[in-house]
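Note sheet for the following structure.
Labels run A, B, C and D following the written order; every chain starts at residue 1.
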Amino acid sequence: MEPINLSDYERAAQEKLPPEIYDYYAGGANDEMTVQENRSAYSRIRLQYRVLRDVSRRSLATAVLDHPLSLPILIAPTAFHCLAHPEGELATARAAARAGTIMIASMAATTAVEEVAQASAAIPGAPRPWLQLYILPDRGFTTEMVRRAEAAGCGALVLTVDSPVFGQRERDIRHRFHELPNGLSLANFTAAGGARPPQLEFKADLTWQDVSWLRATTNLPILLKGIVHPADACLALAHGADGVIVSNHGGRQLDTAVATIEVLPEIVDAVAGRLPILVDGGVRRGTDVLKALALGAAAVAIGRPVLWGLAVAGEAGVSSVLELLRRELDLAMALCGCASIEEINRELLRL
Amino acid sequence: MEPINLSDYERAAQEKLPPEIYDYYAGGANDEMTVQENRSAYSRIRLQYRVLRDVSRRSLATAVLDHPLSLPILIAPTAFHCLAHPEGELATARAAARAGTIMIASMAATTAVEEVAQASAAIPGAPRPWLQLYILPDRGFTTEMVRRAEAAGCGALVLTVDSPVFGQRERDIRHRFHELPNGLSLANFTAAGGARPPQLEFKADLTWQDVSWLRATTNLPILLKGIVHPADACLALAHGADGVIVSNHGGRQLDTAVATIEVLPEIVDAVAGRLPILVDGGVRRGTDVLKALALGAAAVAIGRPVLWGLAVAGEAGVSSVLELLRRELDLAMALCGCASIEEINRELLRL
Amino acid sequence: MEPINLSDYERAAQEKLPPEIYDYYAGGANDEMTVQENRSAYSRIRLQYRVLRDVSRRSLATAVLDHPLSLPILIAPTAFHCLAHPEGELATARAAARAGTIMIASMAATTAVEEVAQASAAIPGAPRPWLQLYILPDRGFTTEMVRRAEAAGCGALVLTVDSPVFGQRERDIRHRFHELPNGLSLANFTAAGGARPPQLEFKADLTWQDVSWLRATTNLPILLKGIVHPADACLALAHGADGVIVSNHGGRQLDTAVATIEVLPEIVDAVAGRLPILVDGGVRRGTDVLKALALGAAAVAIGRPVLWGLAVAGEAGVSSVLELLRRELDLAMALCGCASIEEINRELLRL
Amino acid sequence: MEPINLSDYERAAQEKLPPEIYDYYAGGANDEMTVQENRSAYSRIRLQYRVLRDVSRRSLATAVLDHPLSLPILIAPTAFHCLAHPEGELATARAAARAGTIMIASMAATTAVEEVAQASAAIPGAPRPWLQLYILPDRGFTTEMVRRAEAAGCGALVLTVDSPVFGQRERDIRHRFHELPNGLSLANFTAAGGARPPQLEFKADLTWQDVSWLRATTNLPILLKGIVHPADACLALAHGADGVIVSNHGGRQLDTAVATIEVLPEIVDAVAGRLPILVDGGVRRGTDVLKALALGAAAVAIGRPVLWGLAVAGEAGVSSVLELLRRELDLAMALCGCASIEEINRELLRL
């Protein structure tokens, strides 16, 4: 039967994908407590809805960093879309573009950023993709990636800051899943060519000075992804970031890390409107999106559900995931008495 | 074996009804968290009973809006009783009447309000039914329904305010359950006749002005059903409502909405006695009724259990459900040291 | 294998007893939430033990109402011991006497109080049993029972105050368990003889005036059993009671009533040492006894475990249950740094 | 498959060991609630990590009582290592030594302390083992053990203070597990020789005066193990102890005792830096170690996991357990933004 919600998509993808690939996407660090907690923290928040407000003309449109979006849901960066479907990141990019939202392309994509951007640009009126970036030990290649993103027309850079080292993902260890199958490659890296191709390595000595360096390197807006502490959000502001994505890497880095929705309010309070705050991790229902917005997020990003849609039906599957969530958010807004994103606020919540 | 409590009735009904009909009644929105929470919120409230009070002459009699009732338990409006039993709303109406309580007939009934009222009136001394109403986009038909309710002798109108749009009920989607079987119809609508029969459509632009309009249209008392926010209860008062039913539509509209018993106290406090407050959602035991009254409800309403009784044994089943609950409330009152409804108060509760 | 704790005794008894008898003893009112909560409330209390105190000479001896006891654990009144074992209350009485503690004989016993008292008295140095009493509509017979208790040498009367009516015990209803099997009788009632034998009926108009009446009728100490509200404990004091047993009738009367250990502290505080407070419900481990004493109870009483011991091995089984619990309490005291009952206090608890 | 975390080791050990030996190690007192709670209390603590700190040169090195350690994880004293593996304590000692940490040898070892110390000393640069001690009723033998520990070069004495009596371990009772199999002995006791060999007996009259006696007997540092109350930690300081190990004996003595990590903060606060505080019980993940350090522990100790490693692969298994935990702590530090043990503090925690 046709999937009717995001959980259906996960089940269908699990049936379709080889176990080691499903587990690579689904799994998290160690005991996966943060993976679970990201979800259950949303469930604990209760909606105290309002009634008898005119919600006949609803709009989910919003903007993040002046990029207009048809809905406050972005596509979080995730690696290796070609593992889920032959069309990989191209399918995702097209679905995002058609839905009127931003795909944050992963530096660890199986498709080069230029192709992703081109696929997006082919859809009239589509928002430009953003590029997720690690600052690598190889700073030259990092700079090259920034230039390529600029040239490809990316709208922003998303610097991942929660990965000085690689998290211990036990499903992958058990599957001995540590390299891409034949025919797939880290396209952004192989595209660089050269005698000694650049490697995806984490940089354990990454500091705020690297943020300043990146800030000086480009005029693109920079968002820092992976922040869960209000003090770090304030430092992001001080170092010239243009936005923050509250994220614990989907529970894939540090197990027993706080749930993102749980720390969102204090980060929003600390930043006090000086930066847009996005949040990812555990968003599976329209009501989750509404709760994040009510707590002050400018938008949310979804990661794994996009991969489930992609695995099940390629571009159409990603579109369907986005449209299911759009419809659920629309419904939740109507039932809470909100005709627009601006009307969603903390008074609707019982924490 | 004869059902001895309301859970037994649910199990028996589940065995008897086709799955899509059982699920239509039992199900709720999305993950059905609010359906569950409505129940479990009652269980978390503990009774700190009193002893050595004369409870030999107990009375469960009360009045809501000056309508005397033999027990503080009304029948909440639910759709399509003929799906549960061939005698449908007529059986329910007779059972309510014989029990000395009010049936709130649904606008989406499979029996016209005139017949429901007639069935009630045939029982000497029975309270008059109330009519639940949606204000439809077709205001003419809405007015017609008000007039018909007045003419049929209904005691009050219950305006549902939590349904600007229709909730996402996944059990129904999976069953593809979206229309009434052959021979059944929305009798209040078909009775209207005419070339282009009126449709049951939700009105997403319903506002407090519509409440004012309804208030001006009729002299019948008007209760607003579907309120969970104290601010909305105050607005109900300001717009001339005669009562409020704290309800989340049995968890069928907005999933993860607050449990009704959880927000009852703050609504009671906000309204401060200026309006009677009723509550529905999750009432399955006499102790639940007592808890709701202790928190300030004038009465409770039960929805699904009535349908289980109806499915199992028609009118006799509904009567049995009401009598089981009456007996349980009577017992709970005796064991708490309360001889009358007035003696039930918050001091009996440990929240 | 030999039972090594009270749960083992319950399992062994369940295997041995006919289901309707096991369920009569094990069951509680309605959904049995209070039965469970009585237990789990103990488990939630954590012990923050002390070390390096001399616990080499430990004494569990205590006194309640100047009756010396070898351990702070009484036998709570429970009905129908002959259902569990042919020797019934006599076996229980002997085991209690040999253990140096008080059996509170039930008015609803299958053995007359005179025989119970005689069985006790046959053990040199044994504490005298107490008699649990309902004040019946038949006041003459009630007076007669008081006189018989006095004559039999009972040490106190325990007036049950939580039973104006009979709780709804669904296991019994399903088993249609409502009368004693052939050969068994309510011996205290049949012993009364007479043309029209007295009946065990609950008195729904029982009030504090009946307590005053009982107070005036006898010089025996009177404890009120079934109190969970501090206000009622204060009224007990005001009406001349000599003690209070915090009890919810083992969860058999009002379901979702508060757990006894949860309300014990506030009752202890309200009474402020002017009356001894006992507690029953959910005591299954020596650490439970220690927790109750730490919260201010003078002693605890155990009901169902005694019946499990009785069912498994008659007098020897009851003795074993008492000795297991004595040993566990002794161990818990040693491990908490308490050599005597007086040294147990709230500082050992983390609530 | 190769174990990849400590839970894997437990499962593998359970498959390998006879049930009565696995249960002897795994079990705890009574219902084993404290065993569970020791674990789950860690899981409830959430990490609110920091980012963009240079963690490229991380050090796990620390010192306890001026003994340098390569990681803040000691081996807690546990009895009878030869039950787990023929090489017993010698294998454990070698693994600890090679890992650069301290083994706290148990007085109830199956290998004499002299041999343990010798095995350690054979590894160049290894920290000296410590000896866990009970003060026995036989004070002469106790003194002898102290002298032997001194002579063997032990670095400290760990006096167990939570065992005035022996806890009730129901798994052992059910297995009738109460003596060592043929060929194994309490080597520290048998080594003493003599006509009437000394016995391992608990001393129920152990008091703070015995601590003073031990303090006067030796110049070795003395740590008290088994404290969970801040008042006792302060008494430890007053009686000349050099350190405290917050421990509830792995949940093997008093069931429903508080979880050690739960009381650590208040003990740290009470002692206010005047003594190093260690903690054991429930440490299974690198994040657990980090949490304990963040709450003020100088180091943690692990007991059962060492036995699982030993059972699975002798010395190599113990090494593997230590290295897995080292790697996990290293990873957790990196992901929390801590390059050294000193940088770990309470601000990383959300309790």
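Couple of notes before you dig in:
Simple rule for what comes next: a contact is a pair of C-beta atoms (placed from the backbone, for glycine too) under 8 Å apart; a residue touches a chain by one contact, two chains touch by 3 or more.
Computed from a predicted structure; not experimentally measured.
Where touching is counted per the definition, subunit A and subunit B have no chain in common.
Matching the C-alpha atoms of subunit C with those of subunit D calls for a turn of 90 degrees, to the nearest 5.
Seen from the C-alpha centroid of subunit A, the farthest chain centroid is that of C. Here subunit A and subunit D face each other with different sets of residues for the most part; under half of the interface numbers are shared between them. Centre-to-centre, using mean CA coordinates, subunit B is 43 Å away from subunit C.
Note on chain placement: the centre of subunit B and the centre of subunit D lie 61 Å apart, centres being C-alpha means. For subunit D, the set of residues that touch two or more other chains is empty.
Under the touch rule stated earlier, the contacting chain pairs are A-B, A-D, B-C, C-D. Across the complex, subunit D meets subunit A through its residues 1, 4-5, 43, 45-56, 58, 285, 287, 327-328, 331-332, 334-337, 350. Taken in their complex, subunit B has these residues touching subunit A: 30-31, 33, 37, 161-162, 164-165, 167-168, 170, 173-174, 203-208, 210-211, 224, 226-229, 231-232, 235, 253-259, 262-263.
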